[in-house]
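Dropping the structures in below, format is structure tokens.
Presented sequentially are two complexes of chain A, the first with chain B as partner and the second with chain C.
Up next is the complex of A and B:
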């Protein structure tokens, strides 16, 4: 199936996709510890208040984080020209956590925004180094890039853990390493709207990103400002990762699974696939957060843990499905 | 034949003498006989450091960090023999202690340290922690030959407990929380902090919180619906800044504001190191009880 055929059947796909997302959105609003019935919304001001303080922010946080992470994964795959890297495996998320640790040490009372800024800077540095090194790997060996990414991410993660261990902040670091929405309330997730703005930016530059994925020489031949576009992509990936790590923690696999599933159904033209990748990521994170809220009700299982399982299964299905099709 | 009887009796006499010097004590892994009063001690458990210090014992080998500010000066003149998680075996060998005490975070290292000297595991945990704290105290008293001092400290602990229990009585339900960054976990009766409920007869706001090491992850909605009269709060990241500031920032939100505890200002911030690291030490336990007693006494 190509982008073209998606276009002809487009409306049906769009309708199904939007309905799924809407269903998850509504479900998320009504799953929680506080008592809340759908019927009581109109009559009970208390119910509406609970929605506004707790449920809607949490649902929006999952939507924003999910779509942003999926886009960050997609952009990173474009930059690395490899389908099997994503921010949480190739050092971006680990660099962000390291940045938070540094900001916490230098400036313990820093507001969340400053922690995000610090994390974005280190994430940018960490991702740049990854790309610099990854581009030196032989292009004939596509699996070397994700393998190198895992090692690289592991090394940075180990550095963060080592620093935290020495400073007795290991468990503090763990807060940022495990994604969780349980602390999300009105006033505690709004930074994620900045990540959403970056998704819009990615969409706006989609054509240029598609060209970028064709490689340096081809894209320069097509008249693209290659270096400038590379930098913009880096900023998008790093900032999105830093913002989500600061607000909810590391959520694995979203950036890997969502773009890969979409590309198998809809091809590589980012202008067509971007909304699907964003929607897919949002649906995945939202669904996993709902599972995490229900599985041990009234206690919670972190969304990062659920996604670790669900994402790994989806990824294996993708890998195995690919080999049987080809 | 009388001389033969005397000769036969000698080993029995020797055994009797050895037992007079040795002490049989209860450890976390059953009863153990500790030989003659140890002169050089290496201790990896902060609660044990606290209790031995209360008994006036000088400890030769200590972990690099003692966490509890009141114990900081003990580091002067003592050798550093690792961390509370991991002994530094070379430093430990060089010290050549007569007895090594592990417990809690260092208890998995018992087999390792046993290769250097006799080692005992004095871990305390769960809802029975207060009783264990006294048991450990008496054991240390027996080991270092200060049973009378130990008994005196034990009765001080009992007094602190009963006065705190009186202060807590009839003041409503409580929920024990740990904050770490923006997230909150809850602890129940069976948990590492459960002894507060059992020893103080403090009614839990939620009956069935399970005994996970780092508590059960909860949402603020859970907290609002549990609606405890008291919140007993520990900040895990209290290593940086004061625990109260960070924990207060996490809890200060629209949902927690609806609980009785927050409305009445009945939120008790625990001294983190005393409650979390040195739980069961004599001075730490007294400070924990005092924190609760003072907070509960302020209301009628």
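Up next is the complex of A and C:
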């Protein structure tokens, strides 16, 4: 059964998915320290201001970052031809943080956009090296690639920490290593719309990306510009990761968990699964952000921390559940 | 192998061991003496405490890694890579969380260590014994271990966030120590545990040789695999607790040290391997710290450098193994 299959059942799934996302969206608008009742929106101008300046940007940021990261993970899995990799576990996010560090050093007053550009360049380099090496690993051992990715990301992270340690920028680096939405206000998240545009681009090329996952020879045989598609995929992954790291910091495991869970139910055809993956990622990040706001009310726990726990548990379930089925 | 050949190999290995011991002593002397100035008595005392900590950690990491690798019948698995030291830090944090900083600081340090160690051993046995029993493929096991490590670290961060600032300060003092801030009390306790465990590991060296032949062969030779493995895992947990309590997690130190040792002595006999690995660890730690401190001005960042270099070594081994 695919999510895109016609008929009343497919429609019911869409309705339930959309309703869940909408519910999380509304909940995210109304959870917070500032008093806010739904009824007061119409009468109280202050309540409306709170929504427009703080809550709505935050909710949108979670929505955009979640869906973009899930898609980045999906594209990365297609490129690496392995289900268990994603940007934050394969060096992309760590490379991006290293890039921000370099830009900060060379040009301390750089605007957020320039930092994102620098991060995207290093993320591209780091991810290219990862893919180059990952493609050399024997395809008979599927778990070698994510293991390699995790340690590779750790090595790049150690390099970034060493540099930051020497330059006394450790605290600064920490901001990008843990994803957090509490600093998001109007004017502070808009770069994420660029990530959303990249998601649309991924959707547009979904069929060709699906072909990419069949491997080099098959996809060239099917008439695909393999090298060109590989480059496009790399750019999508690196740019999305760099943008989210610059704006909200690293949010781990979204790109791994959302696509894997969706593919269990809906198969591997990207054109059909892409909206589900994007929606799933958005719902996951929104839910974790809401948990982070409630778990120690009125203080906040960063969404990156919550997802570190939730994501790692889900990763283990996927990993071990899968192996016992085989 | 004939008697004569074995004899010759033994002599060669003993020669190497003696050489490594000499280098270790030299490095230790260099660490104590280079750039000595100021209040001599104070500086020497400070350095002696740090040297003792490094020697202890080196020995604990080396011995625990060798034993763990032998139990797992593999040379890339180490306690840290499987997340054991992250587990220790998590147990500490959970204790502070449960007892609050005040209660936590009030516990007798020995009792505290014992509690920690019990929690950690039971968790480690519950996690790793089934994993070893099921014997799923090596990369899956490693990957599971690495992800478990990520999970424990994330749980630690989460609990730390939920702590009140005072409790958090207490925790930070106990968990995120480094070679620069070693507590003498802890040093003594860790020293006693390490010495005891090393003595036990040394007595078990022949059993370890049998285990190294592989699980099936060892069982065939009449070894009670499950009981032996469980007992050895307890020692590993104790050693990891001791070293992590002293200086915090060091993910790739064990791997780095043991793979270096294998290059140098090239034997599977634990009578040679155990002391050789311990000496290598001391040379790497003390030598590394001396070089960082005096040549590169990067005092205190040894852990990060070990992480970096050790990670690269791990990847190199992975690639070499994967290609075969």
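In this section, the second predicted complex is superposed on the first by the 312 of 326 C-alpha atoms of A that agree within 3 Å, B and C clash if a C-alpha of one lies under 4 Å from a C-alpha of the other, contacts with A are read in each partner's own complex, and residues count from 1 in each chain.
What we mean here is this: contacts are C-beta pairs under 8 Å (C-beta built on N, C-alpha and C of every residue); 3 or more make two chains touch, one makes a residue touch a chain.
Just so it is clear, the structure is predicted and the values come from calculations on it, not from any experiment.
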### Task
In the superposition on chain A, see if there is space for chain B and chain C together, and answer fit or clash.
clash
### Task
Considering only the touch criterion stated at the top, classify A:104 as touching first (chain B), second (chain C), both, or neither.
first
### Task
Kindly classify A:185 by the partners it touches after superposition: chain B alone (first), chain C alone (second), both, or neither?
first
### Query
So, A:172: does it touch chain B (first), chain C (second), both, or neither?
first
### Task
In the overlay, answer first, second, both or neither for which of chain B and chain C A:129 touches.
neither
### Message
If we overlay the two complexes on their shared chain A, which of chain B and chain C does A:301 touch? Say first, second, both or neither.
### Response
both
### Query
Now for A:54: first (chain B), second (chain C), both, or neither, which partner does it touch?
first
### Task
May I ask you to decide whether A:138 touches chain B, chain C, both, or neither, giving the answer as first, second, both or neither?
second
### Task
Give one of first, second, both or neither to describe whether A:158 is in contact with chain B, with chain C, with both, or with none.
second
### Message
For A:21 in the superposed arrangement: first (chain B), second (chain C), both or neither?
### Response
neither
### Task
Take the contacts of chain A with chain B and those with chain C, and give the residues found in both.
296, 301-302
### Query
Which bits of chain A are touching chain C when the two form their complex?
84, 133, 136-138, 141, 143-144, 146-148, 150-152, 154-155, 158-159, 161-162, 165-166, 178, 252, 295-296, 301-302, 305-306, 308-309, 312-313, 315-316, 319-320, 323
### Query
Mind pulling up the chain A residues that touch chain B in the complex?
32-35, 50, 53-54, 104-105, 108-109, 167-169, 171-172, 174-176, 180, 182-183, 185-188, 293, 296, 298-302
### Summary
Listed in rising order, chain C residues that touch chain A in their complex are 136-137, 139-140, 142-144, 146-148, 150-151, 153-155, 157-158, 161-162, 251, 298, 301, 304-305, 307-308, 311-312, 314-315, 318-319, 322-323
#### Entry: Of chain B, residues touching chain A in the complex
65, 180-184, 186, 210, 214, 216-222, 224-225, 236-237, 239-241, 245, 250, 253-255
